[in-house]
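Note that chain A is present in both complexes that follow, paired respectively with chain B and with chain C.
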Partner chain A sequence: MDQFISLLTDPVAFWNSHTLLIGQIGINGIIATSMFLVLYSGQLSLAAPGFMAIGAYVSVLMGNYWHTPGVLNTVTAALLAGVVGLLVGLPVLRLRGVFLAIATIGFVEALRLGVILNVPITGEGLGLSNTLSADPLGGINVIIVSLIVIVIVVWRLTKGRLGNAWAAIRQDELAALSQGINVARYKMIAFVISALMAGYAGALEAHLFFNVDPSDAQYGVTRAVQILTFAVLGGSGFVLGPIVGALIITLLPYIFGAAGDYINVLAGIFLIVVIVFRPQGIVGRGGLALVRPAWWPGSRVRAASTG
Partner chain B sequence: MLLRLDDVTRHFGGVHAVDGVSLEVEDGSIQGLIGPNGAGKTTLVNVITGYTRFQAGRAWLQADELTGLPAYRIAALGIARTFQNIRLFKDLTAVENVLIGMHTRRRDDTLAQLATLPIFRGAQRSRVKDAYALLETVGLPTAVGTRHAATLPYGDQRRLEIARALALKPRLLILDEPAAGMNPSEKQGVRELIERLNADGLTVLLIDHDMRLVMGVCKHIAVLNFGKKIADGTPEEVSTDATVIKAYLGTGGEREVSSAPGAGGVNEETEVEQAAVTSKAAREPEKAILDVDDLTVSYGAVVAVRGVSFRVAKGEVVALIGANGAGKSTILNTLSGIIRPESGRASFDGLDLTNAKASSIVKHGLVQVPEGREILARQTVLENLELATWARRDGAATRTRIDAVLKRFPILGERRDLSAGSLSGGEQQMLAIARGLLARPRLLLLDEPSLGLAPQMVDEVFRAIEEIHKDGTTILLVEQNALRALAIADRAYVIETGRILLSGSGDDLLHNPAVRRAYLGG
Partner chain C sequence: MDQQIVNAIFTGSIYALFAVGYTLVFGILDILNLAHSAVFMFGAALTYSLVVNHGQSFWIACVLGIIASAALGLVIEYVCLRPLRRRQAPPIAALISTIGLALVIVAAVEQGKQGGLFAWLWVDGANSVAFPRGTIPNPIWHVGDLTLEATKVVIIPISIALMLVLGYVMRYTQVGRGLRAVAENPRAARLMGLDVDRMIALTLVISSALGGLAGILFGVALGDISPYIGRDYVEVRGLAVIVLGGMGSIPGAVLGGYLLGLIEMLALVTLGSGARGGVAFAALFLMLVLRPQGLFGTRLRERI
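For the complex of A and B:
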């Protein structure tokens, strides 16, 4: 808690002494926006860590072997993640709901256990160290600017014809078809843009730290669940929702530093409380009103009904 | 010729859902498509609109061949449809729903959106204006535009779905049971809407159970039964066709029929005038098994039931009738403990229903068969019944109980190993009632057992209800089909906007013109 006091008293010093934290928040914000996009188009995809891994490894390997400039590495890595998104999406996007979630987890784990931990060039279990400077792109400013640009782009996309089609698909695929919406195509567009964003975030993250770590918490199911939590906690109805979720989840260990190993217990309790009293997420319909659950004492209506 | 079907076929396993149907729809006409439940009407629509693949046959919309095209391409070619069970984008506003309908007519504006160019805002503004105009066309007030689709009343949702379909600027509009679950005055509104749209040059393919609606509005009608087209002609030709009457009403019904119901149009009205009886006040039974006193139920700010009192004696059949949204289902849901009342009392054989848990209410012998049946579609008939008894420990007794119930409904016995979802609507209703019987009810609450059933099936369901009553079960019946409910009820209450308007014996009310007024809304 103490370290946040300087945020008020001396913001510049706070900024300078917490660059890693702020950078991590920005990166998680971009990934959260990538998650928002797939959820907005009605797809429960958990593939983001896979695309992040592609972004991270490709950009670092390019820098280490070919000594190409960081900007080129990052852009190439993101594009490649998008291409992989297209290839993965072709078979996988026929699935819906929880089946899509499982299939995308399959992709994430196959990539991590099957490729990254088995191919010598990735450094296998040891990971990859970033022999170039850790942030060749000019530090966390790039991350923050990227986040802002991406949020604006996604927000604008949801407002146009594309966004209307996504909303229709999310609400009811069959009805969307009857309105002449090519459901498969629009789902693929959302999935690929989301993969591009996750790949970009992965590349940025690899440049923020000195080491690319192929652990579960970084590119595995644990990360996928964490990203999903951003959206559930923050709310997936508005583009800012998952970012708020990412901010809170990233900050929790710092705010409750005193909790030590119990931080995950605290985070779990916090999440349950939010889901019970605020099922639409923190950012969502109804201002800041809390929902009174049916079992709460004094709650009269137990189930809604028509007629 | 706008739409031409040639030998269209679709089988599901051994079921010949659509079996070699050829049909032509004239440009600018209103074509009717009728048939008993399970005749294949909706399957045919699904094939035409690309939701279900063709197995054989071909279809054209003017010069465009539809065969094998995906649903979104067919929609873009100009066939708009509504769905039997409304499929709106529930969390979007009414206007947003209509705007999505304009998808195919809209240029892609992704880049413009990114640049937020003001010229494109003008286009959006004119689209929103068009959307409001379409809402007006179907008779929805402007104020509805910003409301979320899910919060609209049922009739308005139906209208909104039509407005969304019109946003496609279709050449052909297919309406799949647009008047299902509506009261007669709402049906009249739908009929006027269809006629108005047709007068503006739109071709309509209308599918409905309600013969009166279809006969009144269509110049040409095709009849399906078991996937085959059995008749095709003017309303007069179709309604006097012997095959049609047999398919629709079944044989061995109690009534002698010379024409399909509704074809004559006004016979019920004359009947009511002849018997100009005023209803005696209902004689409330002295000893009641169910006693409801001044019950008030609200959903948030909306009061659904206002101070309703009534009693049901052991062995009676009591009906609650009234239009959609009158509060009938709310009363049943309150009695079975699903909803809690705001005030008032309700007791069943000594048990306070306003406080007891839903599960103990069932144990006490008050069992509800819910509206819309709520069976488990993917489980078999037998599994549905077994699941209904899973909390019981007396295995052998349960077994014989299930066997007895299957004997009572022989059609379920025949289909015990089929998945419940593959049953027809009437059979599903039988299953729902059978499941209710397994709980050994002393009082059975039936919520709209005839909902969405063809007349022939309604007969069968009501026959089953009478038999259950004969076995000594008290029945509280909620129905929109007032004539049918009154025919079997000892006593009935007419509910309107949450209040009891009238009460009396079934016979009295059946011949009471005030019932017609209350029920038909004028």
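For the complex of A and C:
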């Protein structure tokens, strides 16, 4: 915890000396929001690391080979991730619950183990370096602003017509269908938007760390599970829940820093304790709701449950 | 090629044994027990530690390893699953609590170094080790041009016998009927006077004992024991196996295990080692898209 004392005594120095950590929190926040969107529409999709990988590789490859500006690379990468999301979603979104989760894991790992590690242009197991120096998108300001914009957009989406349709599908797909809601279309919209966001976050992450590393913890199942943990631990009923989850999970190594070698033992126990005592997540009924003023958005939203 | 097929059957048996426990819990609770791969690793690590650290004979170590794995099943039930059932939490919460427990188990074994808190559990930290020569009897036979090691051959009869016993218990005994009743409808089972909590605890014990045994067999046969064998070898492959066979179906998991062993072998032979992992997941993806109920499943459950 020592390093956080400077947050109170000298916030500017804290900001400057922890830019990578803050950037990582921001990126995880964006991915968590992308996870929130699919969960909000009742889909347990774990495909986010696959879309992140697409975003990261496409943007870095474009920059390295064509020397196109970073903004263009990032936008193209995000759009391409969205297109892949559409193509993957077409067959996969007929599945529900844990079947969807497993199918998307299949997609993520087939992409990583089957394609990325076997195609020479991706650098195979070594990954890629981002050769751009002084990358304007590597700065954390872009990440923080993106996070804020994305959260506001997603929050507005969940409040509108789309959000109502998603909530209806989440609570009872059959009932939603019988009300004339085009379930397949609304699910696909949520899936594609979330793929866009994940691709964007992946591109930003590649720019932040200047390299792309095709490891399990980065674009594999481990990452998928971590992202799911953001959303479930934080609470998936309100858009800020997954971001709180992302913040806590990203900071876990620092929170339990004093435990030294036993960090992961404590982190695991922490996860179990939080989820056992607050299965609906930290942000949700009875949690932050207790300290939340009545005018605060989302006061009446219930914790989401898929299925 | 013949040798490859024999190897595929060995790996397939281990996948099958692992996946049977996985699918048993899913069939009865509709919950994916993500701590199962950690139990697999724990069984292997504890057995190794008993032989090397504590100087036990291999057979005693095996029995203790299986008992400890079964006990870990009780931990999963009492710590991760029962409190969530009491709170009527959404099933997705159980995913996270079992992930948490898996994290704890793997991290504990990782820290099993000399002088560490968990030194009794494991000796070599995050490194990969094999049973020292001479601690396990391992005659080698040559049949034609095949090389058969006893430690690998023995996996096949053990797996098949255990799966037949489990199939018999599930189908013809009072306990099996109780378990199937809970799987069908826990509420109705409770109204019929079944102790549902006890049935679920029993499920976890059986499942984890099988998982631990699979881990021991894996460690003995492949000579590769580390805190990461669960994550690297069986965690997601186990998912592929139970999907191939049909979620919740025990015969499906057995055949799915052998099928995945064969698919991976074919990928290895035709496409090279790089494609091996990717092929398993591509098969998983295609299977779910084309036939989500699996090869042997008859109906689809829709809860998580």
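Keep in mind that, in the parts below, the second predicted complex is superposed on the first by the 282 of 307 C-alpha atoms of A that agree within 3 Å, B and C clash if a C-alpha of one lies under 4 Å from a C-alpha of the other, contacts with A are read in each partner's own complex, and residues count from 1 in each chain.
Basically, a residue touches a chain if its C-beta (ideal position, glycine included) is under 8 Å from a C-beta of that chain, and two chains touch if they have at least 3 such contacts.
Please read all numbers here as calculations on a predicted model, not as lab measurements.
Applying the stated contact rule after C-alpha superposition, one finds that A:264 touches chain C and leaves chain B untouched. Of the two partner chains, chain B is the only one touched by A:160; chain C is not. Contacts of A:21 after superposition: neither chain B nor chain C is touched. When the two complexes are overlaid on their common chain A, residue A:251 makes contact with neither chain B nor chain C. In the superposition on chain A, A:176 makes contact with chain B only, not with chain C. Legend: residue contacts after superposition of the two complexes on their common chain; A:144 is shown touching neither chain B nor chain C.
When the two complexes are superposed, the chain touching more residues of chain A, out of chain B and chain C, is C. Touch criterion met: A:98 reaches chain C, while chain B stays clear of it. Touch criterion met: A:115 reaches chain C, while chain B stays clear of it. Overlap of the chain B and chain C contact sets on chain A: residues 305-307. Residues of chain B that touch chain A in their complex: 49-51, 70-73, 75-76, 80-81, 83, 87-92, 96, 99-101, 103-104, 106-110, 112-114, 116, 154, 164-165, 167-168, 299-300, 324-325, 327-330, 333, 338-340, 342, 371. Of all residues in chain C, only 26, 30, 32, 34, 79-80, 83-84, 87, 89-93, 95-97, 99-108, 110-111, 116-117, 231, 235-236, 239-240, 243, 247, 274-275, 277-279, 281-282, 284-285, 288-289, 292, 300-304 touch chain A in the complex they form.
Within the complex, the chain A residues that touch chain C are 44, 91-92, 94-99, 101-103, 105-110, 112-115, 117-118, 216, 221-222, 225, 228-229, 232-233, 261-265, 267-272, 275-276, 279-280, 305-307. For chain A in complex with chain B, the residues that touch the partner chain are 153, 156-157, 159-165, 167-168, 171-172, 174-183, 300-307.
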